[in-house]
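Look for chain A in each of the two complexes below; its partner is chain B in the first and chain C in the second.
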Partner chain A sequence: MKNVFETIFFTEILQGLGITLSHMFKKPVTYRYPFEATPIQDRFRGIQYIKTHADGRTKCVGCYLCQKVCPSECIHIETDCGPNGERLIRKYELDLSRCIYCGYCEEVCPVDAIHMGWEWNTVASDRSGYVINMKTLSMNYKDNLEGNWKNKHLKKKLVEGVQQ
Partner chain B sequence: MVLAIVFTLIKILIIVVCVLTGVAYMTYAERKVIGHMQVRLGPVHTGPMGLLQPLADGLKLMSKEDMTPDMVDKPVFYVAPFLGMVPGIAAFAVIPFAPNIVVADINVGVLYVLALSSVGVYGIIMSGWASNSKYATLGSLRSSAQIISYETAMGLSILGPVLLAGSLNLKEITEAQRGLWFFIPQFVAFVIYSISAVAETNRAPFDLPEAETELVAGFHVEYSGMRFAMFFLGEYANMYVVSSMCAILFLGGYTGPLLPPLVWFLIKMLAFMFFFLWLRATLPRLRFDQLMNLGWKVLIPIALANLLITSIVVYAIRN
Partner chain C sequence: MVTVKIDGKEVQVAPNTLILDAAKEAGVTIPTLCHDSRLNPFGACRVCLVEQVNNPKLQAACTTPVTDKMEIITRSEKLSRVRKTAIELLLINHPLDCPVCDKGGECTLQDLTYEVGVTKVRFDAKPNDTPVDHTNPFIERDIDRCVLCGRCVRICDEVVNIQAISFLNRGTDTIIGTSFEQPWNCEYCGQCISVCPVGSLNNRIYLFKNRPWNLERVKSVCGLCSCGCTVDIDYEGNEVFRMKESPAEGINHGYMCAKGRFGFEFINSIKRQSEAVVKAGGESKKVSFNEAVEVAVEKLRKVKDTAGADAIAVVVSPRLTNEEAFLAGKLAKDVLGTSNLFSTESEEVYPEATLEEVENSDCVTVLNIDVTESNPILGLAVRHAARMGSAPLAVFYPGYTALKRVAKKFVTGNPDEVRASMESYAAAVAGASNEYSEWAAKLTKAERPVVVFDPYNKADVKIAQDIKKACAKVKVVPAKSKNNSVGIVDMGFGAKCATEFAKGLESGKFKAVVVLGENLSARSVWTKSASKAAGLELLLVTDPFMSETAAMSNVYIPVATFAEKSGSFTNLEGRVQSIEKAVDKGVNTDACVVSAIAKGLGAQLPADANAVRGMIEKEVPLYSGINWDGGVVSYPYVFAGEVAATDGKAKGKGRFFLYPASLRLHSGSFTRWSPDLAKVYGEPMLEIGVEDAKELGIKSKDRVKVKGEGFEGEFLVEIEKKVSKGCIALPEDFVATAGIFCNGKSLRADIVK
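Our next item is the complex of A and B:
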C-alpha cells in the first residue's frame, strides 16, 4: 500500500528535489585557488626551514644525518674544519624538485634544526630555482616566524601558536 | 496599413531580441543554479559574478570554425539547424505576455504552438540523417520517437484547460482563469504537462537524444560553431515556449494581483524554467524503455481518463 502511494505521488522524486533545493542555499565549498588560498592542515609538510640561534647563526651542526636518511637524496652537505677545531658548514643544498616531503630529515635531526614548513608554492621558471641553500632555509625560518607567507591561511596558524 | 505592418515588425523584433537574450542568460542561469545545487559556484570570472559569461560563450561560438564533414548530405545538413531554431522562436508570436503585448492574437493559438513544436522534430531528424554518423542517427531517432510519443500526452493534457476555458485562443484561456487558476481543477493535467514538457524539450531526465555518456552529443555531434549554437538556441527557446504555455494554460498567464501583468507572466514562466534546471540537477537519465513505458503506458492513459472526467464535468455544468 505504501509502495503504491509512493508510486502515485512520486514521493521519492520529491524528496530528491528537496535535497537539491536545500543544497542550493548552502555555502559553496569552492576555493578560487589562484585568487584565494586553500586551507592547510597543522601536520602539513611543506618547504623546509632551518632554525637559527638568536644571533643569526644556524642551529645546524653539519652531522650529515639528514643527508644520510633522505630517501630521495635531495640534501647535499659539505663541511670543513674551522680554526678552533669546530665544524663549519661549507655547503647545505636541498633540491626541492627531488624532495618527496617525507619529513625524515625533521625527525632525524639531533639538534632540532631542520623542520618542515607550511609553505608549498615551489614554482620556479627553471630547475636551478629549485635548489635552495642554507641562506634560503634560514630565511624560510624567519618568514615562518614572522608570518610572511603567500598563503594567508598560514597567518592564522601563527596566531594559534603552533610554532615550536 | 503600412504603419500597422511597421508596428508589428517592431514588436516582432523586440520579442525576438528578448527571447534570444533570455536564451543566452538561461545558459548562465543553468550553470549557476546547477552549480549551487552541487555546492559549487558556477561561472564567476567573466564580469561581475560571471554575468558576461553568455557574451563570452557567444563570441567563442561565433569565432569557431564552421566545419562541414565530407560525407554529409550538404543541403540538408545546412538547413537542419535553422529548422531546429526557427519553430522555437516563431511560437512566441501567439504568446500573450500581457493583455496588449501579443504579436498575433489568433483563435487557434494552442494548435499553432503544438504544430510548431512538431515541426521542430524535423530539424532534429534531418540533422541526424544528414550527418551520416551513427551517433547522430541514433540520437535523432531517439529524439523523434520521444517527441512523437510525448506530444500525445502533452496534447491530451492541454485539452483539459482548453475544455474549461472553451477556447483555443491563449488570451481567452488566460482571461478564463481570473477567478481560479486551472492548475487546481486540472492538477492531474498539470503534472502530466510538466512531465511531457520536459520530455518534449529533450531535457534531463529525458535527455536521451543527446545523452553525453552514450551518444557523445546525439544529433548535433557533427556540428560546430554557430550551427551547433542554433540547436542550442532552439532547445532553450523551446524550453521558454513550453514554460510560457504552462504559465498560460495552468498558472493563469498574466493574471495576478498588484504587480503588472507582464511581471506576473515572467515570474510564472521563469518559475517553470527554474523547475527544468532543478530537475536536471536532481534526477538521473531514464533508460529508453522506461521512457517509452512512462509515455505510452502511464501518461497517455491518465491523460485520457482526465480528459474524460473533465468533459463529463464540463458537460454537466454547462447544461
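Our next item is the complex of A and C:
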C-alpha cells in the first residue's frame, strides 16, 4: 500500500528536493580555495619555527637529534666550538622541499626549541627559497608569536599555543 | 687452574683471575664503569657487583680474584636493584646535559643508565655547576660531569707516568684536578680523554664539531712518527673529524700521543693545494693533473736524451707508502734507467726489537735520544718496562727528559760529556772497568736487554754497535723518525748516501729531479744545496702542501695524505701494517703520479695498492709472503758493517753546546701544518737552562740570536729547567734550524742578544 502511495506521489523525489532546498539556506561546507582560505586546526603541523630566548639567542643547542631522527633527511646541522669554549651552531638548514611534516623533530628536541608552526604555504616559482636557515626559523617564531601570518585566515587564538 | 661457575656456566681459569675476566671467558658480560683491563684494579664505581653463592656480601667483579669452586651470579633482581641505585647515586651530581655533551652517544654512563633502566632519580638531583677548564690547549676539563672513576688519574700515573692529574679533596668534595690548581703540567698525550667514560675530559680539537653517530670509521695506521700506531679515523663526508685510538688494539694497545690525537687537522687544512702548478719562464700557471704530468714527462724525456739517464734523480720522503716507494723505484730503475734513488734514510741500521720486547725487557738503555718526544709510544714501552716490569733503565741525554722519573740512572751534562759517558759505558759492557761497570753488569746479566738509540746520529750508532758486539743478546731499537722510514729503505731507497744527492745538486750533475713528498729545505743533509734545485731543467715536487721545495719547483702536483690512500707502512720494529683510505680530498696519490709518468714514458705501472703488493712480493725478497697487516719483516742484519768511528765532539767555538732537541709535538713535515699543534709550538724555540738564562739576563719569549761557525739564526727563547748548564737546544725539523744542524749534530754556539 505504502509502495503504491510513494509511486504515485513521488515522495522520495520530493524528499530529495527538500534536502537540496534545505541546503540552499545553510552555510557552505566547502572552501573556494585558492580564493578562500581553509581553516587550520590547533595540532596542525606546518612550517617549523625555532624558539628564541628573550635576548634573541636561539634556544637550539645544536645536538643533532632532529637531524638524526628526520626520516626525510631534510635537516642539516654544523656545529663548532665558539671562542669561549661554548657550543656554536655554524649552520642549521631545513629543506622544506624534502620535509614531510611528520613532526619528529619537534618531538625529539630536548630543549623545546624546534616546533611545528601553522604556516604551510610554500608555493614559489623556484626552489631557492625552500632551504631555510636558523635566521628564517627564528623569524618564523616571531611571526607565529605575533600572528604575522601570510595566510590571513590563521586566527589569533593560535598565538596562545605558541607562547606555551 | 681453578673451576668457577658463572651464571651456571663452568669455566677453568688460572688462579687469581679476576671474576670479570673469568666471566668474559664464560661469555657472560658484567657491566663496568671504572674498569680498564690495561690498568690496575680500582673498584670505584660498584657497578660490577656480583653475588657469590653462600656469601651474604656482594663482590666487585673487577677487583675480586676467583677461588676454586666459586659460584657467581651476575644477573638477579637484587643485583639489578643495586646497580640501578649505584647509577642513580652517580646521577645526583651528574648534569644531564647530554644534548650538548660531546660524549653523548658514546658515553658509558649513558649506556649504563639505559641498561639498568633508570628513568627517574629518586634522590634530590644537585647537578654540579662549575666553570669549564680551558687551560689545556687540547683537553677540555668539565669536572661537573666527572663520576670519579679514576681512570684518567690511573692512566696518567701507570702508563704515561706524568701524574698531571689526581684526586683533590676528600669525601663528597673530591674532584679530579691538577696539583695546587695550577695549569696542566702535561705531555698532552690525551690518554685521559681516551679512558674517560663520561664527558668530563674532552678533545678540544673535536669539541662540538660533530656527534659520534654521524661519523664513519676506518681502522688505519697513524702516519706521523714511526711507531705505527693502530688508529681509528672518524670522518663524515670528506672531512676527518678525529683520529682516536682503537681500544686496546694494535702495537700501541690503544695508546696515542699528542701528534696523532690532536695533529691530524692538517688533513683538512685549507692550506692544502688542489691544483697542479707548472712554472715556465718565471710564470707559474695552474694546470690540470694530466697537463702537469705531460710537462714532466716531456722534460724527463728531453733530459734523458740529452744528458743521459744518470742526470735524473728520484727522491722519496718517508711519508710514502711501501707501494708508492716501490713504484717510484720501479719508475727510476726500469723506466728512466737511473740508479739515483735517494732518501734521508739509509740501510746502515735495520730494526731488531719489537715494542713488545721493549715492554717486557729486563734492562733498558736509552742512548742520547728523547724517546718520549720523538717516538712517544716507544717511550711508553720504555716506561712500562722501567716502571711496571721494574727493569733498570739507564738514560744518556744532555738534559733531563720525561724518563727522569723512571730512570734508575740518568747521565746528563753537555753533549761532549754525555758522549764520553756513553763511550765508557760501551767500553764497560765490553769488559773494561770504569765508573759504569756496575751498570754494564746489569745489562750483561739481564736476559732480555734492550738499547734504544738515534739511528741518524753516526756517533750514537757506533756506540750502539759496540754494545751489541760486546753483548750479543742485546736487542737494539733504532728509533727512526717518520712513519715509513723503514719501509722506503726496504723498497730500495736507502742504498745511496743522502749526501751524494747534495753533492750531485752542487756539482750540477742532476738535470732533472723527481721529489716525491720530500721537503729538501727542511732536511739538514740537503738544506744547503736545496736552492740549487730551483734552477734545474725539471724539479717535479709532489706534496700535499706548498712546501719550501714545492715553491721552488717547476712542476708541482698536489697529492694525498695518509688518510686518503691505501697501502702499507713499515714501522720502527719492521712491522708492515696496512692503511685504509678514509676520505677523498680530490687530489691524486703519489702512486697515481708515478703511474701516469710511467704511462707517458711508454711503460705500464699499476697504481692500485693490491696490484703493487703482488709485484713487491715477487721482487723484494724481504717482503715475499709477508702478512701485509701486522707481519714483521725479518732483516738479515742489524748493523750493515763496521760503523766508522766519528769524532762526536761538538764542532766550532762558542760558550754553549747546541744540540737538536726533542721535536716538541712535531714530527717534521706534516705537523707544521696543523693549526692546533702550532698553537702550542708553532715555531722553533731555543731551550736554555734557568741558570744560563739568568746569567745572560734573558727571559722567556725573548728573541735572541744564535751564532756559531757558519750559521746564525734568531729564535724565541724558552727557559727550561731540564736543560743542563752550558747547553742550548733547538728542534731539528724546521727550515730555520735545518740550516744549523747541517753542520753537525752537536755544535758550539754563542748567544747574542
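Quick note on the criterion: the second predicted complex is superposed on the first by the 156 of 164 C-alpha atoms of A that agree within 3 Å, B and C clash if a C-alpha of one lies under 4 Å from a C-alpha of the other, contacts with A are read in each partner's own complex, and residues count from 1 in each chain.
Methods note: a residue touches a chain if its C-beta (ideal position, glycine included) is under 8 Å from a C-beta of that chain, and two chains touch if they have at least 3 such contacts.
Model, not experiment: these values are computed from the prediction.
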item	value
Clash or fit (per the criteria above) of chain B with chain C on chain A	fit
Contacts of A:Leu88 with chain B and chain C, given as first, second, both or neither	second
Chain B versus chain C as contact partner of A:Gly16, first or second or both or neither	first
Partner chain in contact with A:Thr30 - chain B first, chain C second, else both or neither	first
Partner chain(s) touched by A:Leu145 [first = chain B, second = chain C, both, neither]	neither
A:Gly62 touches, of chain B and chain C: first, second, both or neither?	second
Contacts of A:Thr79 with chain B and chain C, given as first, second, both or neither	second
Chain B and chain C, minimum CA distance [Å, superposed model]	52
Complex contacts: residues of chain A adjacent to chain C	61-65, 67-68, 79-81, 85, 87-88, 110-111
Sites on chain A touched by chain B in the complex	13, 16-17, 19-21, 23-30, 32
Touch list for chain B against partner chain A, complex	33, 35-41, 44, 278-279, 281-283
Residues of chain C defined as touching chain A within the complex	98-100, 104, 132, 134, 140, 204, 207-211, 213-214
